[in-house]
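Structures given as structure tokens follow.
Two complexes, one shared chain (chain A), two partners (chain B, chain C).
For the complex of A and B:
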């Protein structure tokens, strides 16, 4: 059970030195013993036993009542010793789980990887960072043959592993849709049925789906209860919320989604996000979405990728480098 | 093995009797003071389980021998409800988190060998062994 026995003679000498001199250096040595003992898994009761033995060696005539009191102490410490062993085993188990999760996170990254489109006349920036190791936010670009691009931004209510598992399912469901199937309202309706049938009722998924047509400079979109994005009008330097009505995925199998369309003008920006962006917290205070827009405006002279990265860095710092929720931000800028 | 001695567990007070017997027995077998305390703690856990969950049962003691080494064998037997999910009670943190004590994983740590069998509705038998070092 004990990897290494405590060195009784060393302990005895130190104890004697301390009893004789009350010297701090002996206490410092005692601290070293304690650390070494933890390192070598020497149990608590073993240390007390060593103490008892050392004491009996130093004082062969140790009064019996003191001896009994030491046995009493030993008994009291047994359960503490056990708890410590359990703690050590649990810590090992936790390390194992952590490394498993980091493997899972790598698998997820590969599964859900997506390529940012490179379209003429537009500049696109994407940042998606999980709060923990696994991401419950999802974004994906689908490149259609006719040059249009499907853009998905989704958020599973909840985060971590269950959310991440759910997202992998969403991705494969979407890939199984026929390629001519690209209207946002149709996609959300099909997906809603998949979610309704396959996902635990306690789990909700919000999604914004857009079909971006760079040639026509239009974007059509539908939303399933997703955090609204923003449209930036360069002409009067204002932001407008991109409102779209629609129920969260998986609530009812009959859900219908309205489809909206708008034209994108030169210098304008489409801002898509998850609530990890708009619900950043500074201490106990939730930030206002105006603050997000202010920050975006502040960096809007940069390229779209630099812009989203700087916005992320800003809020990461604001939250003391500890994200509370997964953070996904996509910005599409139309060149001037 | 016929000189097996058993202590019946019905009242909380019987736990003390079982501990006392186990401590004396392990002392006689040559266990040191730390192991005596460990054995007594293991007996406590086993006896408390009987008292709390089964209502009544017994703790039996045997001397065991194996190629030159001597040891103590303790068997806890009850006719209680049995344990439905043994893996769960053997999981760290299952009993300790509720402050119930070391639990069966603790007993396993305190002893060298541990074996459990249980049938729902019939009872549980736990056999543990510790060798003199």
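For the complex of A and C:
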């Protein structure tokens, strides 16, 4: 890289001013020079050279031993100069990686994008926010021709880029399943084999898969070790945990998943989430799931989308706007 | 918050005493220790989690790697004395059915 030259005459004036007066303002200006030099990639050797030249201009009769000492200083500083250059190179490389990650995050958003279904008689709200640039949570809606909707909520254990890449694999595996193959238990069993064969041993995926049938007002579901969601019974104003037994995907190739089914009644809500919601922390204190439900209840008069957004805002604020984990919340409300 | 990993060696058996939090920051250290023990042919490894008050899913990943390693090395892995919050994590993820988890056992060595 072409190192820029320092303005010798300006430096000389300043140096002379300081030697004559020891004025603070000259020191302040010296600090500015050092900042500008870093910005413009002026090498350390260049600064010392400028200093020597300025000194020789001001004192044409500079004793020879002082001149020698300056050459000595120049030599001593060489390694520092190299280290600084290295630091600047690293900083540039880091900026490059950062911009690549943000491009990757955009690609991920496009690859994993999904459309919230518009279903008569139901109101659906979704919020999914990554803690870092790339989201390890995943949710997806599949619209089947018969009017049913497949709903996936998943969390890759292991965060960041590897997790995000893994999610893309899952999505494409699911799309490659034949369309008559849409039972939650079958889907999880097939996916489990895909993950078990293809993913690193310390990485695994929790997933809740539901087949929602709006016409019949039923939902059937299976869970692969996923954080349980909740069912809200409007009739007696209570929440019930949606428990479903099953081991996380990718741990054992023999895994079987039980399938459950329930009917959805008027005014009821189905709440699906990831552990980023239930593992919220306020300082050192964990938020209990009762508290999450209280918050949901507090906003339940709103539309499903406003409801999930308000719940998210509540917990974002509670955690000082710094998420520790990816946060995904889906709410399906049946119209009254 | 930190995690201390203390290993006591007995004949044919290693006991790992953990204290603190298992998360993305502390997990690599635990993984290294755990795998060095489970990779010993036929070794019985017992991990005591009584002093672990927080574990996130990264911790589960460590124990799953440990489990896979026991299968390759004919060793055994057992987790004992888990606090409720940590036990719940194993329960939800269905891992209690694949990993030997004993919530209640006290001492015994």
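To be clear about the criterion, the second predicted complex is superposed on the first by the 297 of 336 C-alpha atoms of A that agree within 3 Å, B and C clash if a C-alpha of one lies under 4 Å from a C-alpha of the other, contacts with A are read in each partner's own complex, and residues count from 1 in each chain.
The definition used in the following text is that a residue touches a chain if its C-beta (ideal position, glycine included) is under 8 Å from a C-beta of that chain, and two chains touch if they have at least 3 such contacts.
All values reported here derive from a predicted model rather than from experimental measurement.
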| item | value |
| --- | --- |
| Partner chain in contact with A:114 - chain B first, chain C second, else both or neither | neither |
| Partner chain(s) touched by A:190 [first = chain B, second = chain C, both, neither] | neither |
| Chain A: partner with more touched residues, chain B or chain C | C |
| Which superposed partner A:89 touches (first chain B, second chain C, both, neither) | first |
| Touching partner for A:218 - first (chain B), second (chain C), both, neither | neither |
| Touching partner for A:75 - first (chain B), second (chain C), both, neither | first |
| First, second, both or neither for A:41, with chain B first and chain C second | neither |
| Which of chain B and chain C A:67 touches, first, second, both or neither | neither |
| Overlapping contact positions on chain A, where the chain C interface meets the chain B interface | none |
| Footprint of chain A on chain C - complex, ascending | 24, 31, 56-58, 60-62, 64-65, 67-68, 85, 92-95, 97-98 |
| Interfacial residue positions of chain A with respect to chain C in the complex | 155, 157-159, 201-204, 206, 224-228, 245-248, 251-252, 255, 275, 279, 286, 325 |
| Contact footprint of chain A on chain B as seen in their complex | 32-34, 37-38, 40-41, 92-93, 96, 101-102, 105-106, 109-110 |
| Contact footprint of chain B on chain A as seen in their complex | 45-46, 49, 52, 71, 74-75, 78-79, 82-83, 85-86, 89-90, 93 |
